[in-house]
Each structure stands twice: as structure tokens, then as C-alpha cells.
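For reference, chains read A, B and C in written order, and residue numbers begin at 1 within each chain.
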Amino acid sequence: MNPFIVLGLLLAAILAVGAWQQKKKALLYEVSWGHQIRNTLTSKSFLLQLAGFVVFVVMWQLTVKTLSLPWFSRLPGPWECLMEWLSPDPDYGISIYTADYYTHIVYSTYRATTAFVLATLLGVPLGLLMGWSRKFYDYSFPLVEVIRPIPPLAWVPLAILILPGDEPAVIFVTFLVAFFVTCLNTLLGVESIDESYFRAARCLGASKKRLLLDVVLPGAMPFIFTGLQISMGAAWFSLVAGEMIAAQYGLGFLIWDSYSLIQYPVIVIGMATLGVIGWASSAVVRSVGRKLMAWRERELFGSGQAG
Amino acid sequence: MANAATMTGAPFSVRVRKFVVSKQFIRGAIAIFGFLALWQAGSMGLFPFMHAIPTPITVAATFWEFLVTAKYWQSCLDSTLRVMYGFVAAQLVGIPLGLGMGWNRNFKDFSYPLFELMRPIPPLAWVPVSILFWPTNETSIAFITFIGAFFTIVVNVLGGVSSIPRQLVDAAVSFGASPKQVFWRIVLPATIPSIVTGMMVGIGITWNVVIAAEMIAGNTGLGRLTWEAYLAGHTPGIIVGMISIGVAGYVSSMAVKVVGDWLMPWKKIF
Amino acid sequence: MNDVNLKLVQKDQAQEAAVCRAPDGALSIKEVGKIYDPEGVHVVALEDCSLEITAGEFVAIVGPSGCGKSTLLNIMAGFDNLTAGEILLDGEPLATLDTAPKPGPDRVVVFQHGALFPWKTVLENVTYGPVVQGVMSPEEANDRGREMLSRVGLNNIETSYPGQLSSGMQRRVEIIRALINNPKVLLLDEPFRAMDTVTKSASHQYLLELYNATGKTIFFITHDLEEAIFLADKVLVMTTRPGYIKQTLEVDLPRPRHYGMLASVEFIEMKSELVGAVHEEAVKAFEAGEREMA
């Protein structure tokens, strides 16, 4: 397919999403849909946002390609990267039509997800326990504090040595960073719960075990989800580093490999893909959080309506 | 309430003595010694999966060997300088940018979408582009370090400015403050807690980034030292490198905390 | 669960119910003392604090911020231990020097800022006590909860979350959550503190109706003198630290109370008597530089 057709389809999709968003707003503000779209398109805010984006792309093209300034001239230009990405027959073997592109994406996503899930499964219960039991906190917190200052990426060499093969090593360092973020945010969440909820539950006859389920877990939920969002970002952060250092597939590997092979546009394609996937994964965590904390959503929305 | 009273009322020496005999301290000491003992036993053959890991005693001996070499201290210095360059640059660019975005609506509209587009890209993904762009290796590593701390600080400052209570600004304006005075006397001081939070988070990320960048593309520094130990199959060296990085990171966090305490005498962090 | 004696809360029936008092829930507080951090700062919150509350009595306690009102309530609720004296509930020891403090559903607290679980719906909050204690099956508890909610006119909000309710409604739900356990004593820790005047007076009305219908012993902390006189049978003035009961005012206004009484001569006389006593303590506390400890 002609890259321009794909480009047109993409733009149309973005416009459609934008228009749909405007429809929701139109309902909220009780104006007609067309009116709302016209309002948005002519609003200063929208024009400035568009200008910011356009200026960036134009500057990129100008400095890198048109004027070819020193330093900048070695970088790939925006148009070049876009066309490579959309080309059915890419110069460097990576585009939306090649299987390799998706292999890298799948590898990275699989690793990030595995590490994230493991970190959540271990970090949340551990954080809850630390917040719930003074004794457990006293024993475990000093250990966590001793190990935590070592940046996860410093574990890479050791992880490769201990664990069988590179694959578990990369997942391990990704897990490690996500784990600490999740665990500490959960602990913070438990500590943030107002004492009167514990007292109320005990007044009403709850045992210590029930407190964990009925107060500690739901009370810490907002912090847990903030933690999970940060943890997702942190997971991608160390995954990329891990893949650059010690992997055979994945977007981090792709970026570094393309650098070694002087396939510069692929670097930008890899970066952009990472950005999109990273953003999307945070969005997933956010929406799951919203689903689980319906009480909070309705509280915020409800107060908005009342006011 | 009773606890808080204890902490503020008693003299320092009494507080230290109380802490050392407290349950909390004893439990912490048990945990750490237990960990070291398990490590020792595990490496000596108790846990087969740990056969590749040297005992803590070997590591301590190796640490001593490292400490007397000039190369070790040079590595520490190199990494610390890189962290500082990147971190300071991120503050110098990030704080004004965050303040500007929070203060001027038009500027925010202009720059925020771009900022949000770039933010999800992991800092290490910038390594190749950075090497291509910057003339020397040193500047590329500093740039990646900068990227690591930059987004955090901007997000924090922007959040800080947006959450300044409206009354503070209104009160100043009703006393006849000019926009300039409002900015310097109200907005900036009110944002300091967020700036400090951003710095605390940023310094951790910075060390992370520097270590990875050194492993990938550096030829000096603590990250490189660790990586070389790995390449040489010298496991005690790897662990010494990790511990050194941990200590360096911890010391930097403490330094940032001291700066934070100094910046906002009205409020103690943590 | 024995049948809760919550009668219909309609104005006319409340009149007859006014005489009904619960047979149990007599509290006797004997020379209670509480010292925080005895080896360190040594804060004496309560000293030699004694009072008797008969079954079904509505007692309000007033005093400057930072006096031992909340400390006393926390000891009664089982959140904190005492360091001298003892408290008996219907002759049985409730808090002594030898026993560890333990909260229980026989004396439920309604908190200053409200402590409805924001993550549970109104009905889930109300039924929490009986279900967690295992005295009712969830279905029974739901039926009971719905019944009690509808009696105070809250039948259409059972699936709402507390955050969606006004503060007045939240307090009503919280009081119902306490009453469904059929407690012997209801401990109210400045429950209407943060409310505006209108919400407050409506909340007073609801509380009085519930009191008239159930006759539960109520221990009510406040610093609003009018509120104390209007609601209670007996108003106690607590001194600033160390806290003890300095003065007791028997309120002889008839029940049911209504807002017209606020302007009666008796009311104003009682108020002026209290104002003098409390003001003296407030000045002492202010000069001692007590921070607001609420």
C-alpha cells in the first residue's frame, strides 16, 4: 500500500478520535457538536498546541536536513523516519509491514508485562504487610532500605551470572525496579490511611485479619495505583537499558543494534514506538485503577455535579 | 501524639540511647545480620543457586583491595561528576520551564503536548541519538542523565505551581503586589516543596541512568568498573561495584535532602 | 442479635418514646488518670477524673481544646489505656490498669471527621458491624440495615458511596451504623464540629429523635455550649490539663426538646453559668500555650 494512503488513514483516525472527544464535551457543555468543534478549532489553546508541535517538526527538519547544521546533520530527519516506518519495502528492514518490527514489540511487551505482574504480585502484599504489622515492618524495612539504593541496572552483570541466560536477567532487573516502587508506594498508602478508619472497624468488631482486608487494602488502593503507574514507567525504563546491555530482541536491542549498524531512522522508529507503548501501558493501569476505585470516581464526579 | 512528644522533647543523647535499645533498632539489626549470615552460609554451599556468588567476607576483602587503587576513586569521581552535570542542568532548565508552564497559560499550551509526547520515551532510548548528536562521549552521557532528571522535575514543578492555593495569590494582589512580586514572593517559595520532591526523585533516576549509560557506552566510571569486573569474570568486583554505586547514590540523596532542608526551613522532609 | 429497640421515628410517636430509657449502659468512671510518656515529657492529660453516668443518660462534656475530653473517650472506647483508676460499664470492669484496652461493639464511636468507609456503599457500611461480628447473615443484616435507614428517611441512598452524601447525611448514616450493633453506649466525638449552622440544627433534631427512640446512653464531646445544653441531660465541664470534671450542670429542660427552647429563660441562664466556667478554663489553656490538639 502506498505510504501516503496509510498516513491519510492514520490522520483520519486521529481526527475521528478528536471529533468523538468533542462530541462528549459538547454534551457536557450543552452546545451543538458542530459548534463545539468550531469552538475548539478556533480556540487559542488548540492553535498554540498545534503550533508547538508544528514548530518542533519544522525545526527538526530544518536543522537536520534543510540546513544540515553541524552536530544535527548526523541525525535522521522526521520525514525520512516517517516514510521508513510506513514503507512496504523499508531500506533498513523495519517498518509497519515487517514481521521483525512486531517481534521486537512482542518481546519487549512480554518482558515488561512479566516483570510488572511479578512486581505487583510480590510488591503489593509485601507493602501491605509492612504497613499492617509493626513487627514485619521493623524486620523488613531496614533490609529494603539497604538494598534499594543500588540502582537496578547495577544488578545486570550479577543477574546474568546467577540466572540461567540473558532473558531471565533482563526480566529480573526490570522486575526489581518495579518491585521497589510498588512496595514502597503500597507502604506509603497504608501509612496514609486515617487512623479513625482502623478505630471504626475495631469498634464495630473487626479482628486484626479483617482489618487487612476491609481497611488496609481498600484504603491504600489510591496510592497503590499511583505506585503501579510509576512502576510501569520504571519497568520500561530499565527494560530498555537491560535490552541494550544484554538481549537479542526487543525495542531496546533494536535501537542499539540500529545504532551499531548505522540504520539511524530505525532508532527514531524504535524510540517513538517505545513512547507510544509506554504511554499506552500507563493508560491501561490508570483505567484499571479507575474501575477498581469506583467509590473514588463517583465521589469526585458527584461533588463536581453538586457544586 | 505521645510519640511525637517524645521525639521533640528529649535531648539528642537520650533519644539516641532510647533508639539503640528500642525494639525497632534491635529488629533491624537482627534482620541485617541475619541477611549477611544467610548470604555467607548460602555462598558456602547451603543454597546451590548461590554457588557463583562470593561470600560477604570475600567481598569485604575485595572492597579493601579496590579502596587502595587510584582507579576506584577516579571511577567514583567520574560517575559523581556526570550525575552532577546532568542533574544540575536538569534543574537549571527544568525548574524555569515548569514555572513558566505553570505561570503562563499560553506557554503551557505551546509546549505541553510536545513535552507529553517525549516523556514516555525511556531515557536510555536516547543513548544512540545522544551519541550521534553530541561531539564527545562525556557530553552524550551527561545529556542522557539530563533527560533522566528533566521530565521528573518539570512534572513536579508544574504540579506544584498549579496547586498553589488561590487565596495566597489573591491576598498578595489585594495588598498591591505586582505580578513580578507575586512570582518571586509567592509562586516561587510555594513551589519549593515540589521542587525538592522532584529533586529527591530525580537524583535516584540520575544514578540509574548514569550507571546504565556507562555500561552501554562509557569507558570510565563505577558502571564501567562493574561491567569490566563482569567481563573479567571477577564476581567479587561486581558486588563491590554494586555496593559502591549504592553508597554513592545514598550519599547523593542525603546531600539533596540537606539542600531541601535548607531551602525550606519551615518543614522537615520525611 | 436481640431486637433493637429503635421505635418509629415520627414526630408524634417520639413524644411518647421520650420517657423510654435503655435498661443498661451505666458508666462509672472512677479517679481515672492518663499520663502520656511518663519517663519523657510527662504529659498529664487526665487526673483524678470521676463521673457517674446512669443507664440511658445523655451526657455532654465541654472544655477547652486540648483538655482530656478525647483522651477520656479514647479510653472508654478501648483505643488507649489508662494509667490510674478504672472504668466500669454496668458494674463490669471496662478499662482497668491490668487489662489491655480493647474496642468492642458494646460502645461504638462516631468520629469527629466521620469514619464511614469511603470504599463501601452506605448499606455495606451500615451492615459492616453485624456481619463482621457474625451475629447476622449478610441477608439479615441487609434487611435490618435497609429498615433502619428508611426509618430515618435515608432509604434511597443505600447504593451511594459516602463521598456522594452531604456531611449531615454522612453523620446520620454513621450513627445508624453504630446503632445497628445495639451498643450499650454511644460515644460521639464532636460529630457536628465542621458543620454549618443549618446542617447542625437539622443533625441535632435527628440525633434527638434517635435518642428518644432508643434511649441509649450517650457520651457526647463538644465545645459548643448551646449544643451541649440543648441535647444533654447533664453537661460536664472539664478543666484544662490535667483534665478532671470541674462542674456538673443538670439540664432540666423537658424532653422532647425543640428549637424554641434555645430562647427560653432557663436555657439562657444555664448558658451563662456554663460560659463563665468554660471561659475560665479556656483562658488558662490559651495562656499555657496549648496547641489545638483536636
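Operating definition for what follows: contacts are C-beta pairs under 8 Å (C-beta built on N, C-alpha and C of every residue); 3 or more make two chains touch, one makes a residue touch a chain.
The structure presented is a predicted model; accordingly, all values stated were derived computationally and were not measured.
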Identity of the chain that, by mean CA position, is farthest from chain A: C
Contact-richer chain pair (by C-beta pairs counted) among A-C and A-B: A-B
Report the inter-centroid distance (CA atoms only) between chain A and chain C in whole Å. 49
Note: chain B sits from chain A at a C-alpha centroid distance in Å of 21
Considering only the defined contacts, which chain B positions touch chain A in the complex? 23-24, 27-32, 35, 49-50, 52-53, 105-106, 109-114, 117-118, 120-129, 131-135, 204-205, 207-208, 211-212, 215-216, 223, 226-227, 229-230, 235, 238-239, 241-243, 245-247, 249-250, 253
For a test of understanding, state which residues of chain A touch chain C in their complex under the given definition. 194, 196-197, 199-207, 210, 214-215, 218-219, 221, 293-296, 298-300, 302-303
In their complex, what parts of chain A are in touch with chain B? 44-46, 48-49, 51-53, 56, 71-72, 74-75, 135, 138-143, 146-147, 149-158, 160-162, 177, 233, 236-241, 244-245, 251-252, 255-256, 258-259, 264, 267-268, 270-272, 274-276, 278-279, 282
Could you pull out which chain C residues touch chain A in their complex? 77-79, 103-105, 107-109, 111-113, 115-121, 128-129, 132-133, 160-164, 177-178, 181
